[in-house]
Structure formats: structure tokens, C-alpha cells
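There's a structure below that I have some questions on.
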């Protein structure tokens, strides 16, 4: 955070929480506000009408906000009118623009990963693109770390380093002295307008309510980040993991975990912010008047995921578990980065607590 | 749609008729279904009709618990182009299969005070034990997704594609609170076949596995998890897996 | 802004085609000749290459990835010139449904997808084509363009279960007389043996045209080959187990994995690299394949190459 040049600093302002609340509610005139509700590690992103409904101290959510709102669990991509013989795809969502408020750095990085999946390459998905263009992302740097977080290992947190792909970055940098608000402290947030969209939209408004940050504020942020980095409990040699995994595809750690603990229930994949696999199914009305092609989140842990006529390429449970672990920690060739952002959701929501970093560590020994 | 409506039959063996009720009363596309098919035999909907074939589509609910049912079932199979087992009783044994946990005479003695000489009850069996089944419409009662997949596939003349994944997937897609991880309830969702739309977990109830275990279900791993929850005896855990909808699984393992 | 107009060109919307010809190739295997309607195909900027595939299907049933067995000729105005072909074996849900389709029926497809055979790499070299069963279909366009590729030579080794299961018999005889490709054939069960199949009858004419059909696995034909590893490029297509042993035999003869190409088969739902079903290690079969070099696949899990 040090070495900020003057032009960047122009788009930064320190806002007290009550001003932030007013400003976000003003933003609600342009966007459907969506934020974390219910605190701790099991918050949920939901549509809100008032700033107070949100808990910006939340640590994690079950479903990642990016995946939940940009890549819907079930979506109709195509419909076919049988009697007319015509297809229709779309209309592309959404009717209303959405602002995601308080997205943690890991989840912002996950959205950047989904961008690579759905927007880069020869084919861009129109549904994802429409949602992405209509979504205003307000990121929030973390102020605490859970025992399962390992974003620091892949550069996805706890402070957001990406310089584009989102709109606004918030960082809580302390409390306003003397101010009492609703029985609690009035916190102060560093607000950075990152995207052009944000700079145009928020040209004047927040600056009139806040104060210009000073050098000591940036120093304080650096200190807070350094302190956070020390509080991580998970560690893994990310450099060495790639060669170790690929050279030991039948390692006993994989097989033992699969046999003794893995339920093939796909919870890990469902809550993973970067997992993009989906199934495509055709459904026809019983009156046979209309066919609809629907896509639905799918998971490599399903027994039929790699099934073709005449065989299943991942018939064994450990092969399916391996696909998940490898796709997250290895396979950098796919999109030029690892598939994990270190959010720890797959560990937290696994009914039997399978930890992919522990599997990888055992495989590296 | 072809000029001729496909002839369909709905047959019931030992069960509660819930699957028939689902098809005849509770599903959303009842009108379209009745218009699309010629239900030549469906006792719950009409007392007329004949079980004589041939049928383009036969749906069979209930477990086989009496010898005459075996003969009937084989006749139905011979008369049907496509035969689906519908509901947990027909597919996993379901509730009727609970009697498999005790000797037959003991069960009869408990059910009837006097010995009934007309009774020729046998151990329960799923219909797949006796005839070739083209597909399984799982559930107690079946979920709409699989039911419509079966009906529309029969109309189109294609192979249906039934769900083969866990309840957890549907539960996560609905963004439900996880009753196992967050609340410590003994939820069977991770090893249970989906199709219900995660009905119980959506209402803060643990899944009790009425859709039957999914393929390659890792039972001992989930049992281990239930033990870790701490407040369940070994018998409770065993019952959870092997009484309500898995009684046949228990007898086969012995 | 995305309008309904752009929606029509969406990658999710299939192109309608009319079946202009149906040819039985072998039991359960048919070639469909398709003519796209409405002038939607080939889509701007997309040229079909050998080894690429279309997602072929029908609304309400689904789609299956099927390679070209006959390429559409480049962009021409004459509609009849736009015919292209897919050779399909009845196997799963979609191909089972397509079995019922007749001439003049409508069918829908999206594509072409994937990277095809790297035919430029074979320029000036000897092209070795090794196929098994239906694996001859994706290489048929390569054989037909062989005279224009500037090859030092070309050899086709083809294996099938029985002589009756050999597809493209007329084409094989034509290629044989054309002389651009040397042809070797082998079957697991020879005609006239104990397991003689009814479909083996009436093959005498074919045998006369093609010469000897050997008995045994495809590797029987590879082992006697004399090849110069530096001047040979191999394209292999068939069941994965067959491609494993064929590629290993070639490596034993000194070829490197980079000069051996195989066409992989995986479950596919989208064809565009989004649905994730077709992943082999870091690669998407639909986007990075279906043609891979053996070097790309070496050491990846869930692959037996």
C-alpha cells in the first residue's frame, strides 16, 4: 500500500460508517444492493434495503457471492417452440443492475477467475457477460482471518491486489474518535474508486462527505495487512505442490481420504467460488409444445460426471477427489493461475472436514 | 405429437399408493399428462380400465411381498415396452421392507392376532429383483423432475436421464443452511439421491434418505461423522441408515 | 447492449440442418449428410477443419459431440456445395435418438468446435494414420485431402472387430486404387471363422479390391513397419485403449510424443470450454482438443495414453 502516487490518491477518500451507509443507500437508486447478512463464517449474500442489515465484519459465506449472482445455479439458456420450430435464447439477464457490497478479496479473485472461464477464449457466454456488465462490485479487504483461510498462499488476500475487474475497494481503518452511533462505534473506511464506472458514478458525492487520506493512513493499512498476514494458520509450499501432485496420482493420502471420509456429496464443489462446471439438460413439457435447455451447477464428484458410453473415466471415488484437489492446486496451464483462491470453503462445508491442503501436504512428504 | 396417444398403465404392489396419488392429484401438469397419455389402467384414477396390454409405458409402484405379485409383475413386463419402477418401495424396498428386519412369522404374529390362513406373505423384494426395469423414478413420493423426465421421454421416445447426484447439491444450489455442518443434525443428504429439491433441509430438518442411497454411497464415512456429532447411540445411527429406507440393505449385508 | 438480434447468434443457439442423405456403413453405424438451412453456416470467420466436431442433436433430447467425416467445402454460394457429413454409431441417449432420423428430417447442430488434426505438420513428412473402428471417420477428411498436403507418403492402418464392421468400404477401395495412401487392414475376428457374423457375407468383392485383411490387433500392423522417426507424423483415432498401445508401439520405434497425435473422447455438454465435463488434466477436450499430442497428455491422471 505504500508508494501510492498522487493521481491514484485522488480517488481515495476516508468515510465514516454513517456516511458510507448514506452513500450506499444513494447507490441503491441505481443498483439492487446485495450484501452479507448474518455474521461469522456462515453469512449469506442477500438483497438488502438498508445498510444496517449487512454485517461488514462477516468472515465468510457459504455460497460465494460472485458465483451465486453471476453464474446462477439453474438457468435456462435456450428454449425451442416445437410447433413454430423456432429457438429463443435469452432475453439476457438481468432486468435490474446489482451491486455486490463487501466482497472479500478471495471472492473478487474468484470472479476474475470466472471471467477467464466464461469470457476469455474463443467463446464468451452471453448470460454471464450480461450479468457481469450489470454488476457493480464493492470489495472489502478482510479485517480478520479464519483458521481455514489460505488466500495469502496464492496472492488472493487478505488485501486485494488486483487493480481492475471490480469497482470500489473498502478497507476498515479504525474508528472515529468520540462518535457514537447506534450504541456502537462509528468505523472509518478507506474508499478507493477503482473502475472508470465507479469514478464516473461517484464523481463528487463521497468526497464531499469524507476526508483526504494522509500518509499515516496508508502506513496504518500496511501495518494492519502485515498483522493479518501473521495470523494465518494454514501453510503449504505452493511452489512445490505442482510437481508433487502430478508425479503421485495414486498416492495413498488420496485413496485413504477418499475411502474413509469422502462422501462424494459435492459440497466442496458447490461452495467453491471458482468451480464453474455445469450440466446441460433438455427438458420437454408433457404437452410436447416446448423444449427448454437448462444448465445447472454440476460437480466432478458426481459418479456420472465423466461417464461416456462404454466407460467412466473417473469411476473410482479417489479419482474424483483427485480431480478436485488437482484442479485447485495444480493445472495452472488451464488459465495461467491456480484454481484455488484460498477461501477455505471446501474445508468448512465438507461434512467430514476433508482438507485439500492436508492431502497436498501428505502427498508432498 | 403422434396421432395415437401412448398407452400407459400404473400398477400397484405393496405400498401406500402415494406415488399414484402424486401422479393423479398432486403434480402440476396433470391436465397435460392425462391429455398426452391414454391411461388404460390406473386404479386410483379410474375403476374401469384393463390391465391387459400392450402398454407403451408402465409405472410400477410398491414392493413385492406376495407370490401372486411376482406372476403379475412378470405379465406386466411382458406387456410393456418401457417399464419404470416408481417410488422407494419399488426401488429400495422402502417402508414395506422394514419387515425384513424380523422373521416373517414374528411380523405376522404382531400384525394379526389370529393366524390368517389366506396369507402368503414372503420376504419383501424390490421389483428389479424379478424383472428388467428400464429406469428408476426415485422418491417417496417421487420428485417432479424425474417424474416429468420419465413421462416426456416416453412421449418423445428417448432414454430418460434421471438424477444421480446427492441431495447436498440441490441444497447448496438453494443456498439452504447446512443442517449437518451448521446445526449438527444427522442429515443423510450427502449419501442420498437427489430429486426432492432438498425439501427437508430447507425446513431445518435432517434428510432421512427417502430417495434411497446414491450409487457408491460411502456409508461408513457418514456413520463416522454421525458418531463424531456425539449425541447418537450406535443403534440410532444404524437405524438411520438401515431401517426407514434401507432395511433391505441391512439384510443383504448380513 | 445485448439484443435479441445478437441472441440469435449466441453460442447456445443451434443451426438447423436437413438430412440430405443417409448411408449405412456397418451395423449400427450410419453417415448422415447434412445441409444447413437459412445460410447460417459456416458462421463468419469459422472454417471447418478435419478433426473438428459439431454438437449434433435435437431439442428436448440433448447434444452429442460428433466429428466430421466429410467436411463442408469452404464458403460457397451454391447451397448444394455446403453438404457435410457425420458418421454416427448408435450408443447413448442422443445417438440412439438420432437413429430414427430419415432423409429430409431436420436436425440441429452447433459448431464447429475444437482444434483439428495438425495437417500442416505433416508437410514433407510421412503421414501415418492409425484407426480403430469408428475412428476412421474423423480421419477420412485427412485422407481425402492427402494428395494436396505435400506429403512424402501416407499409410493408413485400420482395425475393426470383424470385416463387416469395417466402415467406408467403397472409400477404402477407392483410396487403394487412387494410390495416394497405402492401406493395411486387420480384424479381430477374421471372416469365415467360428464366430463368423452374418454381416461378413458379401465381402468377397471388397476383399478383392482391398487385398488381404489380416487377423489380429492393430499393433500387428504397426510392428512390422519401417519408419523414420524424424520424418513421420502419426494421427491415431480409435478407442482409448487402442490409442494407448498404438502410440506406445510408435514410441518404441523412436518417435517422440510430440509427433504422435490422438483424438480424445470425453463427456461434453457445451463444446465451448465452459461446462467442464471434458477436462483432461488442465486441458479441455472441446477447446484444446479433441486432438492432442501424446506429449500433452503424458502423465495426466484419468488418461491411459
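Read from first to last, the chains carry the letters A, B and C; within each, the first residue is number 1.
The rule we apply is simple: a residue touches a chain if its C-beta (ideal position, glycine included) is under 8 Å from a C-beta of that chain, and two chains touch if they have at least 3 such contacts.
Small disclaimer: the values here were computed from a predicted structure and weren't measured.
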item	value
Chain-level touch network, classified as line, ring, star, complete or other	complete
Distance-to-centre winner among chains (Cα means, whole assembly as reference)	A
Distance from chain C to chain A - Cα centre to Cα centre, in angstrom	40
Averaged-CA centre spacing for the pair chain C and chain B, given as whole angstrom	42
Where chain B touches two or more other chains at once, by residue number	152, 156, 161
Interface hub residues of chain C, defined as touching at least two other chains	60-62, 92
Contacts with two or more other chains, residues of chain A listed in rising order	281, 283-284, 288, 298
Complex interface listing, chain C residues touching chain B	60-62, 92-93, 96-97, 100
Of chain A, residues touching chain C in the complex	77-78, 80, 82, 85, 87-92, 117-118, 121-126, 129-130, 246-247, 249, 276-284, 288, 291, 293, 295, 298, 300, 305-310, 313-314, 319, 322-323, 326-327, 330-334
Residue numbers on chain A that touch chain B, as the complex places them	42, 44, 62-63, 68, 73-74, 259-267, 270-271, 281, 283-288, 296-299, 302-304, 317, 348-352
Contacting residues of chain C [partner chain A, same complex]	2, 4, 6-8, 10-14, 16, 59-63, 91-92, 95, 106, 265-267, 269-270, 272-277, 279, 281-284, 287, 299-303
Partner chain C, residues of chain B touching it in the complex	152, 156-159, 161
